[in-house]
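Structure provided below as C-alpha cells; questions to follow.
Letters A, B, C and D mark the chains in the order given here, with residues in each chain numbered from 1 onward.
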Amino acid sequence: MLQTAQRTAKSKTKKIAPPHERFLDAFRWMLLARTLEEKLVSLYRGGLITGGVYIGKGQEAVSVACGLFLQKDDIFAPLIRDQAGRSAFGEPLLDVTQTYLGSRQGPMRGRDGNIHRGRPQQNQLAMVSHLGAMISVTVGALMAKRFKGEKNFIGLACIGEGGMQTGSFHEGMNIAAVEQVPLVVVATNNHYAYSTPNDREFACHDLVDRAIGYGFEGYSVDGTDLSACLDVIGGAVKRARAGRPPQLVVASVLRLSGHGEHDDASYVTDDIKQEPFARDCLKVAEQMIIDLNLLDAETLAEWRKDAAAQVDEAIATAQKEAPPEGDKEDWCAVATRELVDSFE
Amino acid sequence: MLQTAQRTAKSKTKKIAPPHERFLDAFRWMLLARTLEEKLVSLYRGGLITGGVYIGKGQEAVSVACGLFLQKDDIFAPLIRDQAGRSAFGEPLLDVTQTYLGSRQGPMRGRDGNIHRGRPQQNQLAMVSHLGAMISVTVGALMAKRFKGEKNFIGLACIGEGGMQTGSFHEGMNIAAVEQVPLVVVATNNHYAYSTPNDREFACHDLVDRAIGYGFEGYSVDGTDLSACLDVIGGAVKRARAGRPPQLVVASVLRLSGHGEHDDASYVTDDIKQEPFARDCLKVAEQMIIDLNLLDAETLAEWRKDAAAQVDEAIATAQKEAPPEGDKEDWCAVATRELVDSFE
Amino acid sequence: MSITYLEAIREAQAKLLRDDERVFIYGQDVGGTFGGAFKATKGLAKEFPGRVLNTPISEDAIVGTAIGAAMQGMRPIVEMQFADFSSIALNQILNNAGTHYWRTNVPVPITVRLPSGGTKGSGPFHSQSMESIYAHYPGLIVMTPATVEDAYTMLIDAVAIDDPVIYCEHKYLYYHLKADKLPTEGLPMGRARIARQGRDLTIVTYSAMLHEAIAVAEQLASEGFEIEVVDLRSVKPLDTNTVLASVARTGRLLCVGESFPWGGATAEVISRVAAEGFHLLDAAPQRLNAKDTPIPYHPNLWSTHRPNAKEIARKARALLRE
Amino acid sequence: MSITYLEAIREAQAKLLRDDERVFIYGQDVGGTFGGAFKATKGLAKEFPGRVLNTPISEDAIVGTAIGAAMQGMRPIVEMQFADFSSIALNQILNNAGTHYWRTNVPVPITVRLPSGGTKGSGPFHSQSMESIYAHYPGLIVMTPATVEDAYTMLIDAVAIDDPVIYCEHKYLYYHLKADKLPTEGLPMGRARIARQGRDLTIVTYSAMLHEAIAVAEQLASEGFEIEVVDLRSVKPLDTNTVLASVARTGRLLCVGESFPWGGATAEVISRVAAEGFHLLDAAPQRLNAKDTPIPYHPNLWSTHRPNAKEIARKARALLRE
C-alpha cells in the first residue's frame, strides 16, 4: 500500500519563483485566453454564437499551469474553464472559434459545440458533459501508454469542486490509484457549482483531505496566484512523471463570470466577492509583472495587441467557413460502415 | 463547515467493557446467526435452496453491533453479511427461512430471494444488489423523519470495502454529510471483494482516512473483537443520536466463507489466514466468556440448543408453506392498478 | 393573461408544496434565489423555506435520497438539470424505485422531472429524450405532456400517485407554448387524447412532436386530407385503445417521436397496432424518429436530425397515397 | 470432444490475447486464479500475465478506463459481472463510447461482455437482458449470440471492429449448450441466420429464446406445421432483409424475446416488418416477451415470467390458425 503525503503549498508569494520566463510565458497564455473569451462573449451577446458560452475568467492561472507543463505525448483532459490550459497545451485558436461558430471544418464539424471539443489523436480529450466521466478515461489512456511501453508520459485531468461530488469522479480517482498511473488531477474550487454554493456541495473541512483517502498525494494552492499555481501544479506534474503516486491539487478561486454567459450570477454574494480568493488572477499577475518590472508597458501593450490580432484572425477565418448542412451530412454513428443499421 | 475527528479505537481488549449483559446478549445473537447460516448452508448443499446462500461467518461481531443499538424507529440498511445485525434489530427468523426457501408467505413472496429481503415498513430496508445504492436511500429515510418532526432517530447502513469503491457510495456519503443526517456507516473490510484482494480494490493506506474527506467522524475497530465492536459502533450510534456529524466505522476481519456457498474461496491465501484479523469472532467471544466465567458450560449448551431449536422451527415452518405459482401470481409492478399497461 | 408550459410546471409545484406537506423539491440549483437552470422552481425556495433544496452534483444520490424519503411517506419531486444527466441516476430509478413495490409491497412515490428533448445548439448531452429507456423497464409511469394544461395537471397527478413517475417535460415547449389559463381538472391519467379529428390518417405522437404533427395536419387539410392526431400524453401506460379506435376510423397510421429510432415509443405503438389492429390497417404503418446518431449541436444538423414538419408531411403524403 | 458456450467465450478470449497484443481483459474478478464469476476467463491471467486485470467495484470507471485505452489503440474487453450491473456503466457506454466516433472521428473499439438473461433463482438483479437499452442509443453494435459457434466467432468479430460492441452472452446457455468443435469462420457480422427452415410461420428471435423457438418448431412439426426460425444474432444492426425474406416465404410472424415487453427488440422487428413488409403478412404479426414486472427469484414465478416453449407454442398455434 502507498504512502500518502498532504501538504499545503505556501501561497500569497510576494515574489515570483524563477524562472521569470515561465511566469511571463504563462501570463501570455492567460492573456490570450482572456482576450479570446471576452471576444466569444461579445459574439454571443451579439447573437452570433448558438448554444452556450462558458469561460474561465478568474481561473486562468490554474488552467495555464495545467497545460504548460505537459508535453506532446502527455494526456490532457480539460473541462469547461480551461481555455488557458488548452491553448498552452497546443490547441489552435481556430479549433475554438470553429467549434463555437459551428464551422464544418472545425474538429467537431458542427456535431458538437463550445467546450465539448478536443483532438483525442493529439492527446487532448473531448469532454462529455457528464462531470467526473473523464477521469477514468484519462486513466485508461495512461494504461494504454504503459501497455505500449511508452515512457515518461503523464496525464492531467481537470475537475471542479462540483464535479468532485460525482460517483464517476470517485471511481476514477480510486482506479487511478489502484493502477498507479502517472496522473495529476487538478480540482478548482471556484466556490460555486452553477448557482450552488459550497455548503450545499460538500461538508468536509477541506477538499484536499480527499487525497489521502484515495492514496493520492494532495496539495492546496491559491488559484489567484500564478506563481504559486506554476509551482504547485508544476511540482505535481514533476512528481507524477517521476513515478510518485497520483497527485491531487486543489486550487481556490472565485468564478468571475456567470456559469455560462446566459447566467447573470446574481446569486453570488457580495461577501464572497471580498474574499482573497476572489481576486482576478490575471490582474494579480499583471501587477506582479509591473511591480517586479518584468516587462515594460510597451511590451505589455504589444502582447495585448498580438492576442487581439490572433483572436480576430481566428474568428474571421472561422466565420468565413461554411456551416454543416443537414442533407449533406454523413448520418452514420459507427465507424464500421457495413454495420450501419439502416431503417427509419 | 464541520470539524472531523479520526481516532483509532483500541482493539485487542483483554477485558470486556461493561455491561457484561450487553456482551452476552450480543453473543447470543451471533450464535443464533451462525447456527441459522450453518443450517442454510447445509440446506443449500442438499439442493433445498435455489439461487445463492451468502453468509456472514467471521463478521457476526461487527454485524450484531450494527443491529443491537438500534431502536424500533431507527433505519437499518443491512447488506449480505448481516444476519446477526438483522436478527438483533428484530428480523424474525421466519423472514429468513421463508425468503431462502421461497415461501409465498414470506416478506418477499418468492419475488425476491436470500439476502435481498427487508421490511421497509419496519425500517429494515430491502437491499438492491447494486452496491452502494442503499446509502443515499438511508439518507432519504432520515430526511423524511426530520421533515416529519420525529426526534432521536438515527440510521445505520452497512457496506463492504468493495462497495466503498462504487460511485453510489461516494455520492451517498457526501450527501449524508451535506444534509447532516444522523447516519452511521459501518464498513467491513473483510479483505476480499468476491475473489479480489484489497490491493486491486483501493490504494489508500487506511480506508478510515476517507471519513475526513466527507466530513464524517471516522473510527477503526478490530472486527474480531466483540467487545471492541460494541464499544466503537455503540459509540458511533450514540454520537449520531446526539447530533454529531455522520459517523464512519471501518472494521477489519477476514471473510471466513466463500463469497457465496457456491464459492470454495480457494483464492484466499494461507498467509492471510494467519493474520490477527482472521480470527473467528464467535470463538474469540466464546473464549472470553469462558475465560471471564460469564456463563457456565450448561448455559452455553442451553443457548446453543435453543438457537438450533429456533432455527429448526423456522425452517420447518417455511418448508410447510406453499410456494408461489406463476399462474396465480399478480403480475403487476405498479401500485396504481388503473395505470397498469396491459399488452403482450 | 397567458401562462407558458414552463410556468405551468412551476405553478403545479407551487400548488403541490402548498397543498401537501409531504412534498419537497430536490435537485441541482433548484433552490436559493436561482430556481433551477430553467427557472421551473423560481421563487419556490423563498415561499417554502426548507422544502426546495439544492443538491450536490450527485444524480444517483439525489434519486436514492428521494426513494428513501418516499418510503417514509414523503412525496419528493426530483429535478434533473437535463434529462441526459439522469443516466447517472438510472440505476436508482430502474433497479431501486422501479422494483421496490413489486418486491416489498411498499410503493415509492417519487416524481422525477426530466427536462427533455432538443433545442437549437444544445448538442449531444443536453437534448436527449429518454422516455423509451424508462418505459422499457417495469414499475415506472412515464409521462410526456405536450400541452400547457397537461404539463400542469399531469405533474399534479404524478405526485399524487403511489408509483415512481418519470415526468418528461420538453424544453422546446417551455417558452414557446402558451395557454390562457390553467385547468382545474385534466384528462384521466393514462388516457390519450384526440388532439385533432380526422378520417384519412392517424398520426400518433407525444411531447413536442405533437405540435409538428398538428402543423402538418393543418397544412395537409389545405390539400384536402383530414388527419387525426393522437397525443399519447403518457407513453407508459400507453393508451392502446384510443390509438386503435383512431386507426379504426382512418385505416392509416404514422407514428412520430423525437427519440432515437431503434425501439422506443414509436416501435411500441406500431407493434401494438400491428398485433391488435392489423385488420384495421389499409396501408403499412409507418414511423418517423430522430436519426440514429448523437444529437448534433449545429442548428442546421439538428433540424435535420429531429423529425420535422417537412419530413412528417412527406411521410404522411406517401401514406395517404397508398 | 465437445465445447460449451462458456468455453467458446473463454477460447475466443484466449485466442484474442494470443493473436493481438492490443487486447486486455478488465473486470471484477476476471484475474488471479479465479477467472471470473462464471469462469469465462479461467486460467487466462496466468497464461497472459498483466493482461487480465481485476478491478475495483466501479463499473463506471471500468468502462471509462477501457474507453481511454481504446482511444490510445488498445482493444479492451470488459467483463461485467452481470449484465444488470452495467446500469452503473451506462453513462460511459451511451454517452462516452457511443458518441465518440460521431463527435471526434476517433473510434472507441471496446467490447463489453454482458452475462445476460435469466436463470433459476437469480432474481431481479442478476437476470436482466439489457440489449434493448443499448440498441436504442446510437453508436453501438449489440450482439446476442445464441450458439456456441456464434459465441466464439462473434466475440472475435467484436474485438476486431472499430466500434464499441455490447456483447450479450446468455448465462442460461453457458453450460447447457454444447458443440463438437469451434468454427474457423462465422457468418458475416450483422447477418441473421435461418436456424430452421419452414413455410408456415416465421419465428424471429435471438439468444436463449432461439432454443425455445426451435423446440416449439419441432413440436409443431409433429402437428404438421413447418416453422421457420430466424436467429437475429445481432439486434443492432438488425438484419431486416433476412427477416423480410422469411416473412415473404411464410406470411406469418411471431417475434420472441426475453427482455421486458415495452419497446425493445421484438417491437423493433415488428415495426420494421409492418412498415416494409406489410403486404407480405397474411396475419397480424405477434410478439412474446417477458412479463412487465421485475424478474422473480422463485423458479415457479421465473418460468412463467419469461417466455417459454408452452407460451410460444400457444401463440404460434393461434397465429397458424388465423
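As a working rule, a residue touches a chain if its C-beta (ideal position, glycine included) is under 8 Å from a C-beta of that chain, and two chains touch if they have at least 3 such contacts.
This one's a predicted model, so the numbers in the text were calculated from it and none came from an experiment.
Colleague: I'd like to know which chains remain joined to each other by touching when subunit B is not counted.
Modeller: Subunit B out, touching clusters collapse to one piece.
Colleague: What chains do subunit B and subunit C have as common neighbours?
Modeller: Touches both subunit B and subunit C: A, D.
Colleague: Let me spell it out: compute each chain's centre from its C-alpha atoms, then which one is farthest from subunit D's centre?
Modeller: When every chain centre is compared against subunit D, the largest gap points to A.
Colleague: Report the inter-centroid distance (CA atoms only) between subunit A and subunit D in whole Å.
Modeller: So the centroids are 40 Å from each other.
Colleague: Rounded to the nearest whole Å, what is the centre-to-centre distance of subunit A and subunit B, using the mean of the C-alpha atoms as each centre?
Modeller: 43
Colleague: When the C-alpha atoms of subunit B and subunit D are each averaged to a single point, how far apart are the two points in Å?
Modeller: It comes to 36 Å between the two C-alpha centres.
Colleague: Distance-wise, how many Å sit between the C-alpha centres of subunit C and subunit D, to the nearest whole number?
Modeller: Measuring from centre to centre gives 30 Å for this pair.
Colleague: Which residues belonging to subunit D are in contact with no fewer than two other chains?
Modeller: Touching at least two other chains: 55-56, 58, 60-61, 84, 87-88, 91, 95, 98-99, 102-103, 124-125, 138-139, 236, 238, 262, 275, 286-287, 291-294.
Colleague: Multi-chain contacts only, two chains or more: what residues does subunit B have there?
Modeller: As it turns out, subunit B has residues touching two or more other chains at 108, 111-112, 116, 128-130, 165-168, 171, 174, 178, 200-202, 332-333, 341, 343-344.
Colleague: Which label fits the chain touch graph of this model best, line, ring, star, complete or other?
Modeller: complete
Colleague: Could you list, by residue number, the parts of subunit B that touch subunit C in their complex?
Modeller: Touching subunit C from subunit B are residues 75, 107-109, 111-112, 116, 118-121, 125-126, 128-130, 133-145, 147-148, 167-168, 171-172, 174-175, 178-179, 332-336, 338-344.
Colleague: Which of the residues in subunit D end up touching subunit B in this complex?
Modeller: It comes out as residues 28-29, 31-34, 37, 53-58, 60-61, 81, 84-85, 87-88, 120-126, 261-262, 286-289, 291-294, 296-301, 303-305.
Colleague: Could you list, by residue number, the parts of subunit C that touch subunit B in their complex?
Modeller: 22, 24, 55-56, 58-74, 76, 91-92, 95-96, 98-107, 138-141, 161-163, 189-190, 236-238, 240, 272, 275
Colleague: Please output the residues of subunit D touching subunit C within their complex, sorted ascending.
Modeller: Where subunit D meets subunit C, its residues are 84, 87-88, 90-91, 94-95, 98-99, 102-103, 124-125, 132-133, 135-139, 236, 238, 259-260, 262-268, 270-271, 274-279, 281, 283-287, 291-294.
Colleague: So in the complex, which bits of subunit B are touching subunit A?
Modeller: My answer: residues 1-4, 132, 165-171, 174, 177-178, 180, 199-205, 207, 209-215, 245.
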